[in-house]
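Sharing a structure here in structure tokens format.
Chain naming follows the written order as A, B, C and D, and within any one chain the residues start at number 1.
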Amino acid sequence: MVNVGILGATGMVGQRFIELLGDHPDFQITALTASKRSAGKKYEDAVTWYLDSKIPEEARDITVVDTDPGEVKDVDIVFSALPAGIALGVEPKFAEAGMIVASNAAAMRMEPDVPLVIPEVNPEHLELVELQKKNRGWDGFIVTNPNCSTIALTMTLKPLYDEFDIERVYVSTMQAVSGAGYDGVPSMAIVDNLVPFIGEEEEKMETETLELLGDLDEGSITPAKFGVSTSCHRVAVLDGHTEAVFIEMADDFTVEDVDQSFREFQGLPQKLDLYSAPATPIIVREEDNRPQPRMDRNAEHGMAVTVGRIRKDEAFGNSLKYVLVGHNTIRGAAGASILNAELIKEIM
Amino acid sequence: MVNVGILGATGMVGQRFIELLGDHPDFQITALTASKRSAGKKYEDAVTWYLDSKIPEEARDITVVDTDPGEVKDVDIVFSALPAGIALGVEPKFAEAGMIVASNAAAMRMEPDVPLVIPEVNPEHLELVELQKKNRGWDGFIVTNPNCSTIALTMTLKPLYDEFDIERVYVSTMQAVSGAGYDGVPSMAIVDNLVPFIGEEEEKMETETLELLGDLDEGSITPAKFGVSTSCHRVAVLDGHTEAVFIEMADDFTVEDVDQSFREFQGLPQKLDLYSAPATPIIVREEDNRPQPRMDRNAEHGMAVTVGRIRKDEAFGNSLKYVLVGHNTIRGAAGASILNAELIKEIM
Amino acid sequence: MVNVGILGATGMVGQRFIELLGDHPDFQITALTASKRSAGKKYEDAVTWYLDSKIPEEARDITVVDTDPGEVKDVDIVFSALPAGIALGVEPKFAEAGMIVASNAAAMRMEPDVPLVIPEVNPEHLELVELQKKNRGWDGFIVTNPNCSTIALTMTLKPLYDEFDIERVYVSTMQAVSGAGYDGVPSMAIVDNLVPFIGEEEEKMETETLELLGDLDEGSITPAKFGVSTSCHRVAVLDGHTEAVFIEMADDFTVEDVDQSFREFQGLPQKLDLYSAPATPIIVREEDNRPQPRMDRNAEHGMAVTVGRIRKDEAFGNSLKYVLVGHNTIRGAAGASILNAELIKEIM
Amino acid sequence: MVNVGILGATGMVGQRFIELLGDHPDFQITALTASKRSAGKKYEDAVTWYLDSKIPEEARDITVVDTDPGEVKDVDIVFSALPAGIALGVEPKFAEAGMIVASNAAAMRMEPDVPLVIPEVNPEHLELVELQKKNRGWDGFIVTNPNCSTIALTMTLKPLYDEFDIERVYVSTMQAVSGAGYDGVPSMAIVDNLVPFIGEEEEKMETETLELLGDLDEGSITPAKFGVSTSCHRVAVLDGHTEAVFIEMADDFTVEDVDQSFREFQGLPQKLDLYSAPATPIIVREEDNRPQPRMDRNAEHGMAVTVGRIRKDEAFGNSLKYVLVGHNTIRGAAGASILNAELIKEIM
């Protein structure tokens, strides 16, 4: 068993880390950090547990400590559920102290020597770790996963990018309120309403997607070349981001080809049979009215992306459209970091 | 005062007709029709009134009759809130009987001699009426308005189409449940959920938009030439459709130009100062997080379309994106038919 | 393994039966019935599956038959998820044909020789079965469970009734939309709203509660003597009924005594360790803001009732108040019938 | 015109004050206060306007000042929408400076010389003002209105208290999220959920109700003698509190008598024809499924309370039950203070 810690363990994503790690066969939670206000308390006393599962036994009695590498002993991997502002200052210290930091925070994602990885999409980018350690003189290192809506989108783009020639991608999201944290979206803002704006979300999706599909060559990533344009919206859904995707291809294609690409897609986590890897990373639904967030977010324990309504635009030459749903705090956050850590443990 | 009737007066859209006509200066409700089950009852006894306004006095005591021109006496204009299947058989009979039918139903929209009109967009298409009367030997005639989501979209496309060279339009909608009728969307389908499918909605938007912006020449419409691709979704909002719009232009443009086009847009209803015409048909909001359906649907008594988040895509050459909100059962249905009738009364 | 069938297998409660029986150690689903429209189809083709679990393998390929005992072969127990109107005509035929009918329908609940049973509350009422068989000359028999909101309420009243002298009970419910069936509550009725009426619900709660706590003597039930008054309301919650309970006691009591009565409560299913029996039938939460339906409905796989906010009214002499949550389609419907069947199988 | 100010003008209740005063015939808004952060800004720049109406012209350009009587010049009446903690320190200073303070805050409600008034219920309690001014040596004075859920309840109890002998009242509330302020209830707490707790709400309802119906004699109030027990819950409704009320009477009664008492109820504001007074303070709906918050909250511009489902409990001797809806931020807050001020202006 590998000893792991969770940085920022009391928030929404922190709780998902604990839920997912509670019965993990290879990772044992031995450290939990939070703000100074919680430090010194037992986890079950420090947390307002929002999930409908119970707090896993192994976390319940752990004494929460300050988010400081000096407080986190005998731990090999830390999962970071920290807010970006705090992550920026703290994550490097954990890496410097020799730990592997598998981070869900946005802070370090765009550093040129920090890999931004979805194991099914670009596991080879993990090579950047060597450069990072050398550059920074660290014993440990930082690996990040993308933004929640980027992950779901890019998992579906990967097989298309490999088989077709993508020119432009337009995405309109309908995102769950949990993505903003427990207090992030007041009910006054979302009952009988939606909010057509999520701060920095469009920029993240437009940048990270191309980075993930980019080529690593001689220690630097050349982003993929097609265009991505997004419009992000918050709707009255608890968990599960839905995205309407329109893709202009350079060449003709058939819906059957696309459907098959999705269904047959397998990445390295599936080949390695990693514990948190979904057997079917992209599930295709045939019903007209699927995917739906409440019905499909938990597919493959929340680690698969579900796709439906695959259509070819007759009006345009080579345009494809489909709808996807992915669980934003599992596949899009805590589960993403954990799968990164499983991959690192297996191949590095 | 012109005597008017409402066909299908007890449903969601029928009720909106009555609410909007209740204090209309030129139209007097004198006939209400519904299914055989309601015929013979006073309107207030026949209807389950869903709106939060009161039933207007003038409608309360009218005896509901069967939807048959023989039952509707001394009426000049009938507004049709009938389901498409019924409208197909019945609306022609009312036109044959000499009445003007201002219809919100989809049934006759695509008939080549039936005008499909938004008064701000294509009032000149009303000329088709002469052809229709001649073709069919009717004393009356039928005029239709488009689908709710088409109206809001096309009102914003009109000034752009006049000033810029639109190549492709991608639209992802987040539509209110009222659009499906009172019983149309079960709460089990929409609480903590959304439904990424609305039957025939995408087809209607893709066809009607081009028809509306098409040229009438020698009695036939040549649709506009750009491409429209839509993805339609139902969300937990009562009233007010939101649409994320992406437009590829042939040429360069500035956000300021687009903004100004929207703000300065005035159509014939504004020039004629029609009673139901919004003074500002397109309202531009500058806040990052607007338009929102609950906050903006009632702008200009529900007859304006509100636009926000006007952005230029830096990644692509000449791509524009924005978000719009329009009230689906007012501007997108009953109010649309009434404005059509006001225009007909004024200019024909 | 006992072969079981489900009558009305495609509706909301029917699906819960199938979900709960899918991995049951003693019951094997071998027959599924539905309306004529579905008969002849494989279950997975006949059903629109609403739950977020998958259809259990053992049900997927069963050919749905008409709800007629002649169509249901080699089955010992049938679970009835039929609407009351249909149940009235059909359930007796299944009993006559020799099957045990464990029914969730209201139709036969108030027949004097048909036991209305919650296994934790009044297992001894099962004795009525002998009378029923004799009276009606049936080889099989019918056992019913109460209405969903009655079950949750009465489970919490049982330990109080045993230890204290209850005089009056006032209950105000906040019920989930799933209780009305998938199409039962339109979203237009419940978004930004609630509905303060549920047909026949108050009558059922007021009658069934006293029947359940009544004494069986010489083949007839004498209902409990205290008063029950209810007010039933539908709120925007998917699953899980919440009830605010006020109880006037004849004598003084302490909150600690009540708390302990709840916590220590164990019924016959717990003693017999029945498969679906919750280890803790009444869970007491100490947080100010619990129980909440989304957080607590799934406690003990949806089979426990969760209680909180136990308070003594200082203003009155001996008044108690608390709030409870129970899962309406599990503990309050399908799970209730299954637990009845498990009890019958164990003790009869 | 009387010059009025609003203390705490940027919050939910502050905005309702401005909306309601925007076209008031007797009150002219001339001062607006808020926290230091907003002081110095024009109101339209300082506020995030949450209502779906527009900011009234007369408020738009007023420069917001600090909540300090020295900053509020030439104002006769200030309406207080301050949080209780701040109100406690600040409201007395405004009274001392000679202004009439019509407060919606809880801070001073239970001071023995500060009247807690609903104009339809206990206008005679305004006599306490003389005592207050004398006691405290103030030129101005403070008048308060009760908590939102107390107001709606007590308006319906008043005619019953006058005509029947009330012994006990049990109330279960289903309260709107706006009552907690814009940020008060996270969407994560209320989507597919409800929260069975509102801090201090039950205590306020149980105390204030009896105070309001109490007798003023020689400068002190003797509270009414019956018991009130409440259970308060937050549900997914934006505006409008719903309450299920159970009343035990000492004597027999008929539903017709109760119905008539509600319908005929008129208070002093109706007799004086005050501007904000609802013509019918208690509206009785006869439909089984009314009142509903979305349909009934705006009755009489949000100033009436709507009652329905008036029933007599057959099981008990003399028990009554009914359901009520009142608009929590209009009748239950801003409108209540304004009606108090109108009454003061008229009779003092």
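Quick note on the criterion: a residue touches a chain if its C-beta (ideal position, glycine included) is under 8 Å from a C-beta of that chain, and two chains touch if they have at least 3 such contacts.
Model, not experiment: these values are computed from the prediction.
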{"item": "Interface residue overlap between copies chain A and chain B, same or different (over half shared)", "value": "same"}
{"item": "Winner on C-beta contact pairs when A-C is weighed against A-D", "value": "A-D"}
{"item": "Distance between chain centroids, defined by C-alpha means - chain A, chain C (Å)", "value": "41"}
{"item": "Separation of mean Cα positions, chain D and chain A [Å, integer]", "value": "47"}
{"item": "Per-residue overlap in chain B, given as positions that touch at least 2 other chains", "value": "191-192, 236-238, 294-295"}
{"item": "Complex interface listing, chain A residues touching chain B", "value": "168, 170, 172, 174, 192-197, 206, 227-229, 231, 233, 235-238, 242, 244, 246, 288-295, 308-309, 313, 315-316, 319, 321, 323"}
{"item": "Chain C contact footprint on chain A (complex, rising order)", "value": "52, 191-192, 294-295, 298"}
{"item": "For the chain A and chain D complex, residues of the former touching the latter", "value": "12, 50, 177-178, 182-192, 236-238"}
